[in-house]
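Paired with chain B in one complex and with chain C in the other, chain A is shared by the two complexes that follow.
Here is the complex of A and B:
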């Protein structure tokens, strides 16, 4: 019951963000958090539920970005551009999946990293297609049903709707038999094979699902910035979203969302005070992996309990033995 | 014609540098089963340390050796202090090396600034050697010679010494190596020190050609990654052949298809992944 109340409160808070947050700058940060939350939810399908850590997801995010930007800059309408971009995202995800699912574990990490770097190289060096470092400008944000998304609040609501769809699809997926079989392939791939499941196909479909939402996030990001540059495909971008998933707690529904909020807020706060965001990112990464591998939320609870238990085990009484 | 030959020499030079980078990467991968994502950072940090040592008035080669020694300490420290805590958790180790690579990159940017720093060619090697009517830059030939010497030394170490035999045993079967009394965990530290030192050394001697700039690490790391996927993990010969292939593809691709050079680089990797996932000379799928 309290759980439902909490969810209702969270929904209400999300819906009313532009009303109480005041400044457009903060509304835009909220939109960014939602976009990255969609991205992190997408990656979480692989990292959390399939046990496959991808370091190339910025590639899929970037393909969504670039496909939409290129089509829009080429004069296509918004609906056509979005649909074609979604097809391209699915095709790229399928290609990534076919190549990387030949292995799992560390091999998977390496191959996805290399594939991500290929796409980064394409965006950076194939100047004729992508404009290289200059990137591509997007002429306008879409206007679904004639509603303009040009200002911050309407765009926030647009993002919120997509985010809600993503969360809903994740909730359905996690509860579905398919979600259960995916977790099965994560924990016991050989037993799943012995039970007659096609492990490869399950992972392939999960990869498509994951790539789809990552690409959709990319599409949103392209609308948000109205500009794309090779930076969105960089390895640091893949690492950032992986940090969101891991820091929030992979394999949970809320973890990646919390992680996205944490990283985006930290990034904005950190860059206001210090230039060294990448150093902070790296340091947090190392600290989380070493001290709280299960994620910040469960990790802090465990650390707190441990400290509490430690304090009670060694009560402070005069003198040290 | 001579232009293509010169390009060939450049390719072999790059191949030599890549070999120095990926030999350590490959050994670490073979032994510890993890791609060390800080390896590109070792290359860059070594190069920057070389810049500092040169600024202090050291001789070029001494600066390179000092940078190598410093990198050995850094590499060993990372292995002992961080990776050792996560023994057996390969994924966590990879993520730690990734986090470290960001930290090192940002640290270098903070300490040495964002402008590319060109290194002077060491005195005496600045000229060019005419061989059969074609003029080859001396320094590039010197790099090739150094790479060959280090390759031979590494090969002798691996094939002819007790330490090398232990490393090979660890690469083939760590559990069995432990049972026979080899301290595999100590090998981890040794290989990490060695790999970092060679990478740092390569960074300095590559400086006069590549110059030192922020982003050098993320330019070199994928190359080392492809080399190892091509050649197979833990194989010195694989690293050598892979480096040469990539050296040639990179240089000729750059001239023939400037916009697609980067893609061409990855094509052989895709083919290998599809048809021979253990790599050309590897025995195990990563």
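Here is the complex of A and C:
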């Protein structure tokens, strides 16, 4: 019951963001949080549920961005561009998966890092295709069913719908037999093989699912900025989203969302008031690793349970019993 | 038809030969005990049979079908199940989830990303029944991390039995168990139906000899002695290599 109330309250808060948050600047920040949350949720499929740490996911995010931007700049319609971009994202994810799933552990990290860097290099140097440092301008945001997404609030609601779809798909995926199989391959791959599972194929499909949502986030980012440059594929972007997943709590549904909110707020809001905001963000990550190594969300739950259990063990007169 | 036939099986790790031209035939329904000193190649033999290791030479046939080159993941689908000497379970999950994963491994449902696993009542009831078979149904919802070593051993066996194997490989099922736990596992192994062929590695001769009909003694990757309990125990090489005295 409490859980349902909390979910309802969170939904209500998200739906009413443009009403209570103040000006368009903060609505855009909220949109960015949702975009990065979708990205982090995508990466979390690999990091949290498959136990495969990718340092090249910005490549897939960037492919979504560039594919859409290039097609839109080339005169394709929004729907066609989005559909083709999604196919390109899936094809790139498949290529990433085939190359990187030859190994696991540090080998997987290194291969994904290298693949991400190759895409960044292409974006930076293949000027004829990507515009190099100048990037690609996107002519306009989409207008689904004639509704313009040009201003902050409509775009926020569009992003919120995609975010809700991502969260729902993750929730269904995690609770499914396939989700259980994936977690099994994370914990005991050798045992899973001996039980009759095709560990490689399970990881491959999980990679596609992860890449798909990372690319969708890239697509949203392209619409949001109406511009794309090699920065979106940089190693720092891959590291940033990995930090979102780990700091929020990998292998949980809410963790990557909390992590995305933390990083985007620090980058965009705190940086306006604190000159050395990078230092503060670093300090926060260190504190999380020391005090809540499992991440912000599971750590807070653990802390809450500990406090609650303490309150029940030592009841104060008139307090909790 | 024989349950398992190994012909001239060979495996080396670099210069170390761990399985040397090994021949072994296990008949359907048989209870076979594999014994030998540490380093004899017993667990390697199991790994070759399950496909976790690929042999350098030789052939493996399971119920008449050549499985030498068949990937490890496909062998459980032909009725091969095993337990491990070092327990390899899913510590963060409940006992019920552990056995459910075992059942799911042979079900097409494992590829389904849409249905809720918690609502697959048939599968879950089968998992619960498998736990009941090893006397752990009351602990079904308990996380594996909160169970004793003996209980985990029984979960291993429950996972293997849940797959309804035709050939069951047990790698030291009594290792690390207390006297009472040994009695329970012993009873459990005696209750395995005859249509399941059992091959077991075990050092505890008191319990193992009672379960086995035929015994194979291995040493340095070779079969040294093979025969009935009485034949193998009485053989001078068995005393020399394994029993001592």
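Throughout what follows, the second predicted complex is superposed on the first by the 275 of 321 C-alpha atoms of A that agree within 3 Å, B and C clash if a C-alpha of one lies under 4 Å from a C-alpha of the other, contacts with A are read in each partner's own complex, and residues count from 1 in each chain.
FYI, a residue touches a chain if its C-beta (ideal position, glycine included) is under 8 Å from a C-beta of that chain, and two chains touch if they have at least 3 such contacts.
From a predicted model like this one, the values you see are computed outputs, not experimental measurements.
Of the two partner chains placed by the overlay, neither chain B nor chain C lies in contact with A:134. A count of residues in chain A touched by chain B and by chain C gives the higher number to B. In the superposition on chain A, contact is made by A:184 with chain C only, not with chain B. In the superposed model, A:194 lies in contact with chain C only, and not with chain B. Legend: residue contacts after superposition of the two complexes on their common chain; A:148 is shown touching neither chain B nor chain C.
By the document's definition of touching, neither partner reaches A:23: not chain B, not chain C.
Of the two partner chains placed by superposition, only chain C is touched by A:173; chain B is not. Shared interface residues of chain A, touching chain B in one complex and chain C in the other, do not exist.
The touching residues of chain C, when paired with chain A in their complex, are 50, 52, 72-77, 82, 84, 88-93, 97, 100-102, 104-107, 109-118, 120, 159, 163. Per the touch definition, chain A reaches chain B in the complex via residues 53, 55, 99, 102-103, 105-107, 109-111, 113-114, 117-118, 121-122, 124-128, 234-236, 239, 242, 246, 276-279, 281-286, 289-290, 293.
By the touch criterion stated above, chain B contacts chain A in their complex at residues 33-35, 82, 85-86, 89-92, 94-96, 98-107, 110, 218, 222, 225-226, 229, 258-263, 265-266, 269-270, 273-274, 277, 285-286. Those residues of chain A that touch chain C in the complex are listed here as 172-173, 175-181, 184, 187-188, 190-199, 209.
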